[in-house]
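Down below are the structures I want you to see.
First subunit A sits with subunit B, and in the next complex the same chain sits with subunit C.
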Partner chain A sequence: MKILSVDDSKTIRMIVKRTFAPFDCTVLEACNGEEGLATALAEKPDLIVLDITMPVMDGVTMLGKLKENPEIKSIPVIMLTAESGRENVAYIAKLGVRDYLVKPFKDDQLIEKVKRVIALQPKAEAVAA
Partner chain B sequence: MTATTAFDVGAHIRDIAPDVFETMVSARAELTENHAPLALERISGAIGIVGDSVTGAVYLHLPELFAQQAAGVMLAVAAGQLATDSETNDVTGELTNIIAGVLKSVLCDAGYFCAVSTPSVIRGAFSVEASPGMDVDHFYFLCLGQRIAVEVHLNFF
Partner chain C sequence: MPTVANPEDIAKQFGLESVPESVKRLNQLLTKCDATDTDDFAKLVNQDAELTKRLLRAANPRAECEEDYGITTVEDAIQRCGMSAALLLAMSEPLIKAVQKSFSTMLNLELKNVLPQTLDPFNFVHVIGEVSFSGKATGLVQYRLPAEFIPVLGDRLLGLSAEDMQDEATANDVIGELCNMTVGNFKSNLCDAGLTCKLSPPKISRTEEFQLNVVEGGTSQRYGFHSKEARLYADLSVNPFSES
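And then the complex of A and B:
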């Protein structure tokens, strides 16, 4: 399993990485929408966790370009954003995101959202322990 | 009633900031009436707000020690180690981003449609000069035994 975290905040990318460390998956990182699209095309992740407000290319633009590209348009996207206003949520829902999680968030909330979309398995050593 | 008085920023920040620190830093933040100047060694995050009927900014002022402790929790820095300056800056920016993002959502839900900028982080003691027409509010919280401040500048038009 591969999860792509697209966020300009290194803090959020590190939290995502740490959150999924106990699971049998690789967390890839990109710090803006442009890098996110390139990584999505190159790595074909199973899921993208996407921020909205980012420099260079924001999450909404990246999502639009993702959905236009037949190679990657089926990759599910969970938006991770501090912007939870009604208009905003309605807008991102129309763009075809699978789910969204509002910051501030706890690790287990993120795990729960991701588990609804992909089948996360604990790492073998975690199971053995 | 004017647009300015229709939106009570204080009522929102008093809820938003403690929720952010509780969730992200696992620390209780309580409003304090101690408005004395903050520690000189501090790190501040800044986010701009721009909209059709509102402009402004949100600043989060953290003592350096607090910012390091917050970074330690959020990034799960190993015991006995310190977060780097770069990590501490990024955590400060992200905490500011979350507070401003939630405030932006509340503003939008109240009909003041706006967008927020990406965060800037500044180290050192400084005061922010308000632009003409801005309402400036300071909210001080006690968290991890230190005082932190959220400063909000808003101009409704």
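And then the complex of A and C:
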């Protein structure tokens, strides 16, 4: 399993990485929408965790471009953002996202949302321990 | 993916919290701002006990307790402070909640909101994390944090050592993200109240200056917070009529 974390904050990318460390998956990182699209095309992740406010290309633009590209449009996206204004959430929902998590968030909340979309398995060593 | 079109229903489907009462109140207040008669505005303020308390306190800046207040009605307080100041105070609860939620959720730190004058001022070099917003409302929020609190942030948020947090880029990213979360939430509340605006990227600086900044045409308010581990301030300055 591959999860792509797209966020300009290294702190958030580190939190996402730490959150999924106990699971059998690889967390890929991109720090803006442009990098996110390139990584999505190259790596075809099973899920994208996407922020909105980012330099170079924001998350909403990236989401729009992702949905226009037949190669990657079916990759599920979960928004992870501090943006919770109703009009913006409704607009993003129309573009096509599987779920939405508002920062600040607990690791468990993110795991729960991701588990609804992809089949996360604990790492073998974690199970053995 | 949601199939309903109502924004509130979509938010519910995603499990988002409902729009707080304080934000609905702010929205109502904004609709009464155009009126030349302040009665309707005052009536709405009167319905909110916390806002009334804040406004009367602001209208009586030298009073040490409520018994010393010379201005005792909301109507007189609005005359004294103006609608902009009343709106700023109506934004207090959303901002205080956003600060407390960010620290509680991400850092497991329960912050108590206190009057800033009850805390010792920062007469030393401290860290400022700042995010501004612009649109129908223009303003900025600044966190003021003592330097000794920065390693605590890194440890609680990411399990980083004090040595890791000596790296300025790492420390700035942690502080910046905390600002982003807080002000992002607050800005979403402003949008839900009708003050559509956009955020700037966070800016981090170190300063000895402890002065409250004011955006052009706006008013400002300082909020104090403390826990066992730290004391900090959040400064808010807003011009709610920047597009008028």
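Observations on the model:
One rule holds in what follows: the second predicted complex is superposed on the first by the 129 of 129 C-alpha atoms of A that agree within 3 Å, B and C clash if a C-alpha of one lies under 4 Å from a C-alpha of the other, contacts with A are read in each partner's own complex, and residues count from 1 in each chain.
Keep in mind that, in the parts below, a contact is a pair of C-beta atoms (placed from the backbone, for glycine too) under 8 Å apart; a residue touches a chain by one contact, two chains touch by 3 or more.
Treat the numbers as computed from the prediction; the structure is a model and nothing was measured.
In the model built by aligning both structures on subunit A, subunit B clashes with subunit C. In the superposition on chain A, A:114 makes contact with neither subunit B nor subunit C. With both structures placed on the common chain, the touch criterion links A:15 to subunit B and to subunit C.
Once the two complexes are overlaid on the shared chain, A:30 sits clear of subunit B and of subunit C alike. Look at A:84: by the touch rule set out above, it reaches both subunit B and subunit C.
In the superposed pair of complexes, A:75 makes contact with neither subunit B nor subunit C. In the superposed model, more residues of subunit A are touched by C than by the other of subunit B and subunit C.
In the superposition on chain A, subunit A positions 8-12, 14-15, 18, 53, 55, 81-88, 103-106 are in contact with subunit B in one complex as well as with subunit C in the other. Partner subunit C is touched in their complex by these residues of subunit A: 8-12, 14-15, 18, 53, 55, 81-90, 93, 96-106. By the touch criterion stated above, subunit A contacts subunit B in their complex at residues 8-12, 14-15, 18, 53-55, 81-88, 103-106. By the touch criterion given at the top, residues 19-20, 23-24, 71, 74-76, 86-87, 90-91, 93-94, 97-102, 104-109, 113, 115-118 of subunit B touch subunit A in their complex.
Only residues 1-2, 5-8, 10-11, 14-17, 19, 101-102, 104-106, 157-159, 170, 173-174, 176-177, 180-185, 187-188, 191-192, 196, 199, 201 of subunit C touch subunit A when the two sit together in their complex.
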